[in-house]
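Listed after this line are the structures, all set down as structure tokens.
Here subunit A shows up in two complexes: once beside subunit B, once beside subunit C.
Here is the complex of A and B:
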């Protein structure tokens, strides 16, 4: 009996290994990330600044007033995108599911740009972004379920890409007409972690927590949903309710990410695929790992974006797309045979 | 008649009342009333498109009835909370999905979902139910392997193990023997029969093979074009005319020497009648 239980926890053992490993990776990348910038700062100074802050030390002041902000943003956004990716792929049972490709990011960006152009700069920008994400994703699901054969993976992807393109051109139209908004949002629109303010992070915290809690609450049910609709019904999962909660959680998480850093692509694609391949397909275990791994990947992308052409900086979103797009093609070629 | 009166555990668990079912503009099953005998194996038989899967899906609350109702222990199943029903009624649909890399043990464990609260995730009872399900289906030996690495027969047994771990008195299965080799078909049917005889489960199953249905079914429900064509109760004879009208093929009836039940050989529509 015990031997059987032991054999069954193979995945759980990998999880127990992966969790501290990714935490360690996250911490070392964080120290490195803080050090990167116009004035490079060594890891020792970084750790000193974090644990024995000295107000008279110029490096310490840079770290706490500037670099820590960027780090926090990257970690929160990466975590949100990672978790959103896991939920999204489980929801549509498709390893290509990704907030960027399915139109959630474009919808969120559109909502934010419209509000900015109209002069609405409210504290609830992440909720506005979430509403935009939810609206466009609902439209994608609605359109892809029309016609014969219901929702197929290919239809969802095509609808997502088409609607993303459509809404992005509307966003572009607004920006061309409204030069001031364009100036304010030019780099934000490709996904960037520069020019942040603490307020936008403060405002995003509650939607982020809400999204994470919702994700945790439906994790056991999402495991059952993976066995097919009929099976899930037979096991007592309320399909409509779990799908709505999942969509709400995804929209909140994407809204948070977009409101802080703009539409960053491919983190939500890479994270679930990596975890499934290396660790487990159990959603309950995937969630904490995806938050950590999302943060890790975004930190890496942000470091490379700023180091590659130093002293010039690339937008972070360009970096994630450069790595993510080929991976997307690779997974697509395997999945959409 | 006398036989039925003597049989004291013959009480209805699932009951269909004037049930019509199908899809919005397409009624497939028309006005069916019947009671599923408790603790027995009921087999739904009929040609392709006769509505047997639709009927089973409606009993399993995967489809809403267009008219009439399905009663589970006297209460309309479609009006009960889905989680409460899932502790009474386990289902195995035709083509369930397997996430890549999911192990047999983890799959069977997911059958415990209806019994688990959010905070109380895994109990001793869950462990026992899973162990028992693995033993009954003979899947313990490969419990640690990914389901997608197994053969069709093994995989089917895993799904049945999952339904067993759910520990419901009623189990509905939609063509569990399709795509399986003869040996596995027999294995699965023996297993289901065993469940009714020794574990008190009530099994309702859609089967394609007529002779398997007659051999293993305690009660046979014949459907043709969505209509109830006939019911053969336990101990009753299955008349050849019924088979001929349901499947629209001439049959030769002989007797199965092993159990004395009828055995049917189909003939091609005309040319077979040369003898």
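Here is the complex of A and C:
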């Protein structure tokens, strides 16, 4: 058996091990996550509430009416960000790729703020966010693909940083000029999972599913893309189509995440790097794992953000940045010469 | 004077025993910029929610006792400190950017970009929130300490500051400290947070005469260090071997020229909050318009930086009056495209 085939078998074995493990982790974290709050609830009560709901029990009512919402949002957003991170890093062939760093979150936030300021508060907030993310991301990709070296890591990062700084300052200007919008958006803009409503999750679910389906459909092509442009072209892959579909999927996933929880950073950076180091580099296997791991990481961040300085709560986005930024520095110092 | 020097636009200036090689064109541009800054400054004094008639400008500036009490207050306690602060901070940031770019030989290096701003903000915020009674004068000192520590951290992490990696690692470090600022913002007492927010967003309206004096005290020594080392760093740009052979002590030079910009940036951040992109834009514009060595570059960046902050602050103040947009936001709106233009021009090398 060739070494390549052996490696692939090893990756499959690791995947089979990692999948149930991360599912288990997700479930236990979810139970713990529901228990955390102003009124702590034990794990046993949580499980009881989920499987034998008793309308007369106060704890059960808290869980179903309040805490389940936050849990669902965290899981959905985490999964979307994880998958988006995997696609993004495969697309730009760069372990530093991340929706927040490349300006997708800033673009989505800008689109949402503009629409709110203009008084358009339709149900399709996540689609608006996705459009903003897609617009800014395609601008970043266009600018950074100029020049001889193509999309080099440094160029794409610097373009992303500059464009998101500019767009964020536009957002800030709008918020300063329009107090009404500022009041409505203030908590949302930090990247926080509090103050959610079920409707926003209902509206986000279809774009999320569409993004995930697109991601799965291009996974084999993305694998070939990793071999390099020329090799992929020789193997009969339509590069432009794959890239466009990947960008669409990334924009949809980021739009969903931003419309639910605001701009949350660094989940999309951590997830693909962890999976690639521990399990596999095969995109087809990475996708389901990244959804699970993204949810796990976001749940952890959310739990820590609420427990660390209790009774005060930190915004979830701050927690992910505190952990994610050092990882970014570490990868940057290893990866770039 | 040789023909080569003449054709490069150099002329000799003689005044008795004193003689010096100058570049009249560069001097002319410099004077023009200074004049422009003065014009913007004067017109900035006149404009605002209480307009002062243009015919009264001489009276307002030179015979303040003839003004009404209201006018006197507006001109001398509100507008002048603010405009002068814009000039000073712009000059500080421009100088810092010029020095940093030349010592790192990295056109994208800006002390504001590599986390000095955020490190400074974290320390100053700690000061504001934990010891609210400490006077304004101590803020720059604390800020400088924080900024220096962060700059050192970035250098240690990237090991070598002439590589492009340096900027990216700096950006990562600045994200970390930005999250640290976020912790303060979400957990501290609301009134303190409001004070901090006003300071952070890079608006100049809190400028007062004492704060102006503090900024000047920080500007002067750092600027002197930069101008004194300007000639040595001209030589250093010829390459390490040549410079060492010509007697430049490179480690000392690098240390001085690295610390001074951090000082300047940290001091300006502690005085008026974060104004991004000035340190990046001013030196590039100066290099585009003014030819000459480091001395010309330093003067040009200081002037252009001052002009940039002055113009953007006046714009932010007047464009949507009575609402005010912080200068930091207006600068970022202009600076983002400028940064992209720089990237575009070196697209083959990154």
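As a working rule, the second predicted complex is superposed on the first by the 327 of 337 C-alpha atoms of A that agree within 3 Å, B and C clash if a C-alpha of one lies under 4 Å from a C-alpha of the other, contacts with A are read in each partner's own complex, and residues count from 1 in each chain.
The definition used in the following text is that contacts are C-beta pairs under 8 Å (C-beta built on N, C-alpha and C of every residue); 3 or more make two chains touch, one makes a residue touch a chain.
Predicted model only: the values in this text are computed from it and were never measured.
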For A:333, is the partner it touches subunit B (first), subunit C (second), both, or none of the two (neither)?
second
Answer with first, second, both or neither: which of subunit B and subunit C does A:217 touch in the superposed model?
first
Touch test for A:110: subunit B only (first), subunit C only (second), both, or neither?
neither
Subunit B or subunit C: which reaches more residues on subunit A?
C
Is A:238 touching anything from subunit B or subunit C once the two structures are fitted on A? First, second, both or neither.
first
A:170 in the overlay: touching subunit B, subunit C, both, or neither? Say first, second, both or neither.
second
Does the superposition put A:276 against subunit B (first), subunit C (second), both, or neither?
first
Quick one: is A:309 in contact with subunit B, with subunit C, with both, or with neither? Answer first, second, both or neither.
second
Residue overlap on subunit A between the subunit B contact set and the subunit C contact set?
none
Given the complex with subunit A, which residues does subunit B contribute to the contact?
57, 60-62, 82-87, 89-93, 95-103, 105-107, 109-111, 113-114, 116, 118, 121, 127, 131, 134, 140, 143-144, 166
Complex interface listing, subunit A residues touching subunit C:
96, 143-144, 146-149, 152, 154-155, 157-159, 161-163, 165-170, 172-173, 176-177, 190, 265, 309, 312-315, 317-318, 321-322, 324-326, 328-329, 332-333, 336-337
Which residues of subunit A touch subunit B in their complex?
1, 4-5, 7-8, 10-11, 93, 217, 220-221, 223-224, 226-228, 230-231, 233-238, 276, 280-282
Which part of subunit C faces subunit A closely enough to touch in the complex?
108, 157-159, 163-165, 167-169, 171-173, 175-176, 178-180, 182-183, 186-187, 201, 276-277, 320, 323, 325-326, 328-330, 332-333, 335-337, 339-340, 343-344, 347-348, 350
